[in-house]
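Once you scroll down, you'll see the structures, which are given as structure tokens.
After this come two complexes, each holding chain A, first together with chain B and then together with chain C.
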Partner chain A sequence: MTSEVKIPDPLDLDLDEEARLRRVAGLPAAKTPAGEYAGFESVGLPERPPQTEREREVYTLEEGEMLVNMGPQHPSTHGVMRLVVKVRGEVVTDVDPVLGYLHRGIEKLCEEATYTTVLTYVDPMDYLSTMHNEHAPAIAFEKLFGVTAPPRAEYIRALVVELNRVFSHSLMMGFLALDMGGITPILYGFINRDEIVDMLSAISGQRMLFNFFRVGGVNWDTNDEFLSRLGTWRDHVLKNVEMSERVLTDNEVFRSRTIGMGTLSGRDAIALGVSGPNLRASGVPFDVRKAHPYSIYPELEFEVITQSGGDSNARYLQRIAEINQSIHLIDQIVDKMPHGAVQAQVPGIIRPKPGRAYAAIESPRGLYSVYAISDGGPNPYRFRMRDPSFISLQAIPKLMPGRLIADTMAVMASFDPVMGGVDK
Partner chain B sequence: MNIDLLIGVLRFLLATTLILLLTVPTAFVVIQMELKIIAGAQLRYGPNRIGPWGMFQSTIHGFKVLAKEDHIPDQADRATFTLAPWMVYMAAAMSMLVIPFAPGAIAVDFNIGIVYFFAVLGLSVVGLLVAGWASYNKYSLLGGLRSAAQMVSYEIPLTLSVVGVVVLAGTLNFRELIEWQRVHGWMLIWQPVALVIFYVASLAEINRTPFDMVEADSELVAGPFTEYSGMRFGFFFFAEYVALFIMSGILISLFFGGWLAPWPFPDQLDGFIGTIYGVLWFFIKTYIFIAVAVLLRATLVRVRVDQLMGMAWKVLLPLAMVNLLVTAAAVLVFKL
Partner chain C sequence: MTAPAKAGALVRLLLDRFPDLAAGLWTDEDTVEVTIEGERNVALLQVLRDDPELNFFFLADAAAVDYGPTERFEVVYHLYSDRHPAWLRVRARVNRADPHIPTLTDLWEGAMFHEREMFDMMGIVFDGNRDLRRIYMSPDYRSFPQRKDFLLPDDAADSSAAGVRPLERPETWDLTRLSDELAPGVVAHAEAEAEAKP
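On to the complex of A and B.
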């Protein structure tokens, strides 16, 4: 006979299993009969009293208002974001973004991993800018460990992150159009992306989660396939970009859907912590590559591009300008690339001295940064990431009230959030 | 019993059956065109596995839809939920009855065919509204309301633009209208403004991009069709493509000479040959306009609800009024 030890339930000893689970999940103690909460007005309400003042505000309906759930399963929420939209007819009166549907605890996983393996965990965060995800921790860990990557490695890093930026921005143009019902630009964006991804898979061995950066360098040197693909791509990339641009930029319907939509002033953008192309579209000339130079960017010639509008159209034009800028940077990087090693001498398991390091880079979505604390062990004691999409999403509820349902998606797409990064 | 009446009834039954049967291949062909043309615009192949050039892809889709689970949500109003697809589908199929395919190939040669056509086509809005309400889903509800607002608004400029044509030709019968065009030249020359109004309004009337507010997949998932599955969804889907065919057919009948060849000879072919010749030209012209509508879908983004309404009431309606006024004045003054 086995002796069974009954472990006391920390939450409640008297409740049966279902009641206990309901309590853990924050649901009411017993199932509500279908008829009681199934009215149009209350569907979507959290089944618990409001926890904060803001929640009370969002979930209190006035006469004629209705809550609509956009997401987490919805064609246009860029992954699994949920927007609780309060509407009066077609007019949005309030928006409450609900996050966390794609949370994988990556920061915690990184704290359990050695410094070398952290770089594999950060890949699936912002899955459209994988190279940037690896770049920031690589720089931070090099600071912690006091190692510098060889010059050729830095050039290859800059090359791949700029390539990554081009395809990320190409896709943004497509997703913006897709959220307004234009089905073609996304395909052009993917054509552009596919060529770059083929190229990056030639150099890194993978097509999406490249796992290319190492502490103190990069995994591989350039190879013939990469360079030949790069050359072919460079020959026609400007034509490709122009092709996708031609479908949208002067399209009268597209302009009427984007100009004046979701206008964010520079002051508000700074106050909300918005960064990257979204901030520059509001006229603030802040680019981490210029403001806090890292890698080889001080050696490259480029200007910070800004737009004046601050609306969806300005954010779109900003992306196009940055694609062209990145192509210009790629040209310079290829011209200047030195010979030499691509990996510094680094031990298999890195044990940096106790200390702290912060590294910020300019990702396609804005200021992406990493803060790591070492306690002298083989893995980071604390590892935190600032994801720009997460911060950008703050702007959505500010911009929405008074707009129509259709604009919710169009404006959100213009901020180009990636839920993998938001939820980490 | 009156033998003429019997023949009339039999002919009507035969014609309606044929029209109902015709809707299926029509929808298949239009869907196939959409798949292939949009694929071309997007630099990809499109369907190319089932049959030569993938031409049986949409047929297979049709069978797939038949085999799928037919699900009715718990809270849905069952009676109206099941009725709605039929209303939409029958509105499309019934309006096909008066389409003039060729001399001798009109299912019902109605003396008020044009009035009948717009009356019946407008019924589909009832089906969409009912679908939106009965589904017990907020996306459906919003989609249904959008469809009501949009189709009711656009019906007015659509019909007003045709009144100009009717005033000029002096008939409400499609066959006579086309005969008029054979004598006087295509209506396109006489009523260019009406053509523009009609084209824009017809796209809105059948919920095509850039006016597909009703479905608006990125906002309302699938609008009134969100909760539908299996063949009930299939009927909505079919009705949509049949409506595209019908609108293109009516467009060419009203403005592009219907079954007439673009050149004046042979002046008039009689009998079976004439029918075949007419059907040929009717289909060529109709499918050209379907292709244009498909290309529009591949190119444009969707307009917003308020822009859509603004255009109907602020631009198209006044334009249609002025057009009608000028046409009527011209008919009076010049005794056309």
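On to the complex of A and C.
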């Protein structure tokens, strides 16, 4: 139904009527004959030829297809990220993630910083698992410098890291529901999260970017406020988790929008480099805490949990199972916590001998690893971080073709990416 | 060399399969490291992945290291196997003046983002990769920020980077390296831009 009203368009020079109307409506120049390259003008970039085979494939429109930008300010892209979605009607035919809106060059900055300050720079990477961000560099630098943290420090580390995992997974449950239009679970998620954040700010002095780990230990010992908050939280956390679970797990809408959605086989997940809960939801029992035990994990009792489905629902159930597992681990850690110092004797400016160290940990989003090279100077010669959500994002273009636009965000949320980590 | 217990079995197995790796072999408490020439990466990693006794099925990390303008690049792969309690690190050397190395995307699809990041940050060209675009920086950006000759501005007077002007460093631009075949768009764009300037 085309309107007869002439809409003034300052950009309209000598386009024909249909092209003008499409332009006013914000649609790309769809008069492109089948197979001809569409150009970037329609998606907001200056026109230039495609650089690679794959880019040509994405930006070439067949008859009836068009490109839609999701993001960078889309509320459910979990940060600033742009998905160029090629659609035929409501059906997605291709997806091209465009990253880098939040790129801060943290690796390069860390190469200019001393070993102690690196641990502050990595905090804003994956801002929902800040403790994990600090854990891997701390282990890598301790390997380089040849120092070990005292046992109590290792226990406190494991404690805060597991607490962080609980709140990160709680939020994932909420965000997943939010991306399908359900508001309630995110509020439950934030109740859980705020209690833990208050607890962690009591022990570290910071609310979000904790800056708690040090090379050779942690910054502070536990204190009364932390312990009393931990006790209060532990008393009702299982009830809280069950409450948010009850809203979702058997919800009919939630089930119909997650079961069979974005199904990733174990083989594909390994090939794509997907790790962590997302990989275990596809049935692959790979957990760095068991595979290459670090910190005190060899002393704790736990099993690697897996799901068989590999779909969004399996990834959600995996998170719930891991929350309960982490609470179980927290109980064990508190029971076994030894007395003693929380920091090893380490000089103010650390100058490790030339060498290389690799440290990998299990973050809430998967395998987070650090590869550090020392040349004997006060700052790392090379500091490399492997962020799990960056690599897991590659699954989205694999999974979405043939699905509906509305499911794109729902499947993406089930992978729980955090753009601070994706863009480094 | 006495390898630690964790890595011992893996070291023996590796030397059994590839006796020529002995020269670059190195271990620490939980890592076994081998050094190879860049062109060999696909052949070696394919055996490491597919040999049932080695079974390094998961590509944990792929990163590039710049050893300085007069030295070389290295592409460093970290592999995980459920058969061995040690990480395997493969360091593949790349000529810095002509940084080409075969792509790993045929073995692991997930190497794609790793390789795009290395191309973006270091300017290493992965031959055979069908989507080698910049991933973090904008498409018209031309420097390679994580190279060691790309210096950060710094106001600390004693910093090695003191007084350096920020951001793009034209001397690191070298577009001739990108062949027409790989990225006709980039070269054509740069030429057109150069012509447009007076």
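Methods note: the second predicted complex is superposed on the first by the 379 of 424 C-alpha atoms of A that agree within 3 Å, B and C clash if a C-alpha of one lies under 4 Å from a C-alpha of the other, contacts with A are read in each partner's own complex, and residues count from 1 in each chain.
Please note the rule applied: a residue touches a chain if its C-beta (ideal position, glycine included) is under 8 Å from a C-beta of that chain, and two chains touch if they have at least 3 such contacts.
Keep in mind the model is a prediction, meaning the values are calculated, not measured.
Of the two partner chains placed by superposition, only chain B is touched by A:N251; chain C is not. In the superposition on chain A, A:A291 makes contact with chain C only, not with chain B. In the superposition on chain A, A:L404 contacts chain B only, with no contact to chain C. More residues of chain A are touched by C (comparison of chain B with chain C).
Contacts of A:Y188 after superposition: chain B is touched, whereas chain C is not reached. Interface residues of chain C facing chain A in the complex, by the touch rule stated above, are 28-31, 33, 57-61, 63, 65-66, 76, 78, 80, 82, 85, 87, 89, 108-114, 117, 121, 130-140, 145-146, 152, 154, 159, 161, 183-186, 188-189.
Partner chain C is touched in their complex by these residues of chain A: 45, 48-55, 99-100, 103, 105, 107-109, 112, 143, 270-275, 286, 291-292, 356-358, 360, 367, 369, 371, 373, 382, 384, 386, 390-391, 393-394, 398, 423-424. The residues of chain B lying in touch with chain A in their complex are 38, 41-44, 74-75, 138-139, 141-142, 146, 209-210, 212-213, 216-221, 297-307.
On the side of chain A, the complex with chain B involves touching residues 34, 38, 40, 43, 66, 68-69, 74-76, 87, 90, 177-184, 187-188, 191, 247-248, 251, 253-254, 256-257, 404-409.
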